[in-house]
């Protein structure tokens, strides 16, 4: 314990001297009214639910307006923040429990503004797009109600100054995603997907609850800022439980951010409409986990409190980015490919935070938001056109839908990290900081991370090459009549494409450090390495790797691919185009072990299903009920059955049941009666005899003895 | 005092002379096989007790017994027997079979045992002064009508109740009330 | 002349009476047995009265009341017996068996 | 000079008894006899009240207790309370009897005469402070009881009940007398006051103990407690139901008067002797009564056994208290409380049983099934009274149980706790058969044999309605304001302090 | 009005007005159903209004004191008094019970269970109301006991008369009994057996109280609590007394393993029966713990805490698992109550201010939510004529509104934040991380983790229910059935519940504002801080 105290004091000193560095305004009225950001969408959501049907555009209008408002406000805040930083926090007491105060509130600082901005802008575009995509849906209004709730929930989450509100937003996001994923509820599979998402998250949430409880109670408050202050002053017992709190909370984050092994729900979540997937993967939901870690970064960055948590975070992130990337390769469903790619990108972000690269992680989140939204929307527009998710029904679409093609291509470039697209900068930064971290504290995990991040880059490029070639090149294999999507869908694509192209320029080491400025304006100093210039030699490694893998992918799946000649059962060139790409789809890498492994997602889903869910809902639950009926309840029932009075008790309600007892009783009394009768045939005399026998006995008892 | 001394006392012989028949008679009452005989034995038993009372000098009680019982009650019994057409001759089934009588006897003996034990324990061989002259009926009457007037009056109600109720039950109704569950 | 000889007589007659109550089948004789029990009580009372040389003659008076009681009881009893006999043409107590436990 | 004010209640009632007889002779319509009786009972109530409130009344001299005839006849709080109980019981029984008797051609005048005579006996008992008066009073309670039990002359069950009741009663009386004679012999007196200060030397004489025991056991016959309980169900079933009602309350109360007075006023010194005896009797009674009651299918027999059980509950407190040598006043109060509440609710129970029985012409529980379908009112009354007997708040019964428990636990040693536990178990057992009746009345389907329409058509006779009304209201009121009873109980238990226990 | 309430009349009226209503109803002939309905409605309505006025007049700066109280002598000889009053702890309970009664009457407006007898049903409901509110305001053990028992009979009859007439197969002893009969008697005997022990405990306290202070025996809860705070009633005596009280309250809560009467009773009872049972009756037990067991026997509470906590958590897990195996809607909700009351008891077991606050808000929330759930389940059974979930499905298509309400209630019940259910769950977890100093931290932290797992299971069965009831394609039999969506009276009855669930979820101060000070005071006086 003294050791801890010593550590604490050291930390305190360190932080104290760093606190001075922060200089920021309180944002004035702009921050003071920031509560509108979460509140407006929430209210609008309910308005749509009740009045949507009668409003213009059946609710779409209100929803988009709400998101537009958020976008504007978010941008305004961002600008203000960049001009002179904003660090402000407001709280409204909603009740005291013991010494604890429960509060609603909103925190306005770099981090939350980032999320406001992202959710606002991306959300707005997605909503615009959704109008076109959802047209003619049976539950159009309902969709926008829950979609707005979804965005609102996220905003509640990111504006939270304390654990309570964070959890509230957290669960709101969860439940609204449940509604959205299960949007087509006539089909049970979708409901199951929704349940899967909800339950997986719920499991993680349980951990989050525990973590929140531990941290709040050991710090004595729910308030993040308060917790950090007390950390600095060393007036908490947090150090004792720090690791466990950190772990539990991180598990919660893993759930939302679909980190291995909680990733299972995300691909299934594709069951929802594509706009949902887009928003869910870009700005909301999955980013919540990353956001949470970033929000608590002042805690995680201090080993004195979080112990070896960061190593764990790194490992989890790294594993996720690798394995999920691999899964992306074998998917036929285009949305699933993107889903797995999201997960692996999230792996990047988490790992980045793990290695202490706060800015890098968030920067990747930032850029990723744009290009992943872009990719999803583009994919959506494709699906909209060909009425199928499967790439085996696509091919050669570039001439049918050019806009979609080019925007998709930009998105791909950004994702795989081609200079100068957004992904290039953010991913490079992550790899760089991973390398830096590894070179400073050369432990296995660190180098592991470095290697994996490069391998990850390779894989990303590979499956994206596959997607692009199978979707836009070759010949069209579908039945529907492909066509370009309407403007209302393509405009957002273009806008996002623009963002995906330029977003990266916000944070070029040495040149522009706008973004760093942006996210580090927080009440508590972030301790991270600051790059003065790009790590050129890393770029020199990574970019070739990416190009190489793109080339291989193109060779394997592209129109000029040779593979099919050998792969499709010996037949020669007369193989007609249609089978070709299908053949490829089927026959590429039939690597004995790996392929089935990937096909079945490492059997993890099966493990959960057969290992946990089915047993719990089946045998275990049934057993419990059986026990309840036959064992626990047996006590009263048996006493009822055996003991005379209790049996008569039940007999009161069921004469059959009690006849037995009556007979017992009757038999006993009858026996006595019979016994007496053989001595005293007359009943009266039995009575008299009984009485006087009693007299004699009493006399014997009380007089003689 | 030894059994010898006891026997030398004349009063005890008188006692035995009266008590033995009384007791035997009462035994016969409960065991006789003939109803009428049984009732007549009852007369002897009660008469014997009356004689014993006289011996103790409580004349009034003694004579009351003679009057009330032998004069009235016994007649009542006989009437009862006549009306209930009990077999006037020997009948075996006047009592329960021996199997029933044995435990009854046992019970009675036990009861007697208890009482006898207690009595002997408490009184030992204390003697009872032989009353030289009989109690005057007058004094009894006086105390009855001063000290015991309440029970006396109440007793009158008891008898009245017994009388009226007895009549109500025993008399044959012109139209007997039909059974009711 | 000892007191116990009287009380023993009384107790004996009491027990005999009980025996009669328990064994007699004819209701009238059951009544007779009861009479014996009561007269046994009388013997006790009077004997004690003399033994105590009670100036208030409580014992004797009590005995008188007991006699009256006994008379009343007999009246009631006989009445009941007659009633039963009228319904059932028998005065046997062990036929009183309509009501089960 | 006799204090006539003190004996006025008895005198008035005695006159009433004769008046009833007279009316019965002169009037054609026997109904009047009952009216006379009720008026007489009301009249009797007046002096009881004046005596009780004498100190507060103008022109009334001489408080309580008032002693007459050399202390052999005493009017004190306790006596007055119990006289009130007897009057109440007689009144209700009378109300119940009227319609019952008219429904069948029974002798009416004589019936009322005997009932009131029995009540008179009870009143005499509650004032008597020597064995002679007590026993004569007792006889005046029992004798009419024997006769009334056989009042349904045509019905062999009734005859049988009468004879059984009679024989057992008489043997019980004989035992009682034997006990008295022994006591007289050893102590030379039969005045309670004198018995109460018997010299130490005599106390541990076997004869004394035997006498005490015989006397108490003799009384258990009247309270229908073990060992003299066996007659109860048969008689309740066979006797005319109003008579059963009277026996279960009036004559039981008389028995308790005997027990309480004798054990408290005559044998206070030897509570260590009769305490355990009554403790045992109580435990046996409640156990036998409740457990056998479970298997009863006939409501009257069920009530018979239940009344045995309640006798046990009433005996429990002062059995335990005496055995433990604890404060007897509280136990006494508890017993009286229980007795009063029991009187009210049991009369009510019998009332509703009569009301239902006369309709369905059966006392078999099975025939009562689904009563709620054809007469919700009666069903609710059944529920009220039987659940009150079961002791469920807010019906009066709960407080009786509470008083009993608190008194027994208050004893505060093994005697108390053990009997409290036994009582608790029995309370649950009792619950079983009481709820069985309720459940049958409310939840069971009406048997085919029953003609619902006809039953719905019939209605309850006015006198019975009155009786049910009175008892029903009382059961509720006493349940909500048990204070009323406790004040009476406290009032009556002053006699205990008077004796100086 | 202020005087009216300060004089204690207001509160007494809230308690006894329903009783008056019952008497009035008794006088109205069965034929005049309108009259019966309106009498019931007005009675409960006025009661609710009075309760509302009380809430307004309540002095929230002194929630620890008993307000609007009356203390009249009732049974002098045993020094039992008519002592009533509300403090921050009982206030929410009183409001809850009055509200639920009012809504039940409204709901009944066009949902009369068979056999059709509104008069009796309403009379019983009124009696229930008096019993429940009385229990919550009673400050005298005997008074408490009487009210506690008064509740028994009406519910017994409700279940027995209007209960489910299906056949219940009782395993082990192999009987086949009509559901209603089995359930009613089971409910009756369980509760009564429990309260018999409770009464013995009360008496024991009464006699023991004579040995302290100025040696006056008392049943007064306030005085006894004061004695308890000074360390009276300890040792073996305390142990047994607490055991007795535990038996009484735990059966009512119900705590595992004394819960088995609950599923049967809930399932068998008519709709408003289940609602009242779930919404208010169960609270009597937990309230008893908070009001009587803890303050009067603090020492023993410490000794028993671990036991209660463990049972509570077993209940949570066990109830949830049992739910997962259910195919009967009402039964599922019933078992869910076992789990939720488990959270409440866990909160109480921690003996901390947070925990007890959690327990109280948990009670309120459970009252509202489960009440709503049973309403909905009742209406569904009313329409589908079955409670078997596998037979249902696609309700969102058949009756969208019903589906939404059910969904909301289910979400609230699984503890979704921003809805009422969340606070109780989360706060009791919070409390069990740091239980009262002196209790085994390690044990309670283990319990916390286990309970957290419980929340997952809860979500599991609730989602499963929604899945099979709300979603999917409706089967043909229902499509053809032309089921009617939520009706007017149903809306009127449910809307307040929905609103309150959301309101409390967003602004828990509605409850905490009243309870917190009172609870802190209780905890500090009984356990010296915490």
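Of note:
Each chain carries a letter (A, B, C, D and E) given by its place in the written order, and its residues are counted from 1.
Keep in mind that, in the parts below, contacts are C-beta pairs under 8 Å (C-beta built on N, C-alpha and C of every residue); 3 or more make two chains touch, one makes a residue touch a chain.
From a predicted model like this one, the values you see are computed outputs, not experimental measurements.
Using the contact threshold fixed earlier, the set of chains in contact with both chain B and chain C is A, D. The chains in contact with chain C as well as with chain E are A, D.
Among the remaining chains, B is positioned farthest from chain E, on the basis of C-alpha centroids. Note: the chain lying farthest from chain A is B, by mean C-alpha position. More inter-chain C-beta contacts link the pair A-E than the other of A-C and A-E. Averaging Cα coordinates per chain places chain A and chain D 77 Å apart.
Remark: chain C and chain D have CA centroids separated by 26 Å (rounded to whole angstrom). Centroid to centroid, with C-alpha atoms defining each point, chain D and chain E lie 42 Å apart. For this pair, chain A with chain B, the centres built from the Cα atoms lie 104 Å apart. Residue positions of chain D touching 2 or more other chains, listed in rising order: 132, 136, 139, 143, 147, 150, 153-154, 156, 162-164, 167, 171, 178, 182, 185, 206, 209-210, 234, 292, 428, 431, 435, 439, 443. Each of the following residues of chain A touches two or more other chains: 646, 649, 652-653, 666, 669, 680-685, 688-689, 692-693, 695, 699, 703-704. The residues of chain E that reach two or more other chains are 181, 184-185, 189, listed in rising order.
Chains touching one another, given as pairs, are A-B, A-C, A-D, A-E, B-C, B-D, C-D, D-E.
Chain B meets chain D in the complex at residues 114-115, 117-119, 121-123, 146-151, 153-155, 157-158, 160-162, 164-166, 168-169, 173, 175-181.
The residues of chain E lying in touch with chain A in their complex are 170-173, 175, 177-178, 181-182, 184-186, 189-190, 256-257, 259-260, 263, 318, 321-326, 352-354, 357-358, 394, 396-397, 411, 416-418, 422, 426-427, 429-430, 433-434, 448-449, 452-453, 455-457, 459-460, 463-464, 467, 470-473, 506-509, 511-513, 516, 519-520. Considering their complex, residues 333, 372, 376, 383, 387, 392-394, 398-399, 402-403, 405-406, 409-410, 412, 420, 424, 427-428, 431, 435, 439, 442-443, 481-483, 486-487, 489-490 of chain D touch chain E.
In the complex of the two chains, the chain C residues touching chain B come out as 1-9, 11-20, 22-29, 31-33, 35-36, 39, 42-43, 46-47, 49-51, 53, 56-57, 60-61, 63-65, 67-76, 78-83, 85-86, 90-91, 94.
On the side of chain D, the complex with chain C involves touching residues 131-132, 135-136, 139, 143, 146-147, 150, 153-154, 156-157, 159-164, 166-167, 170-171, 173-174, 177-178, 180-182, 184-185, 188-190, 233-234, 237-238, 292, 301.
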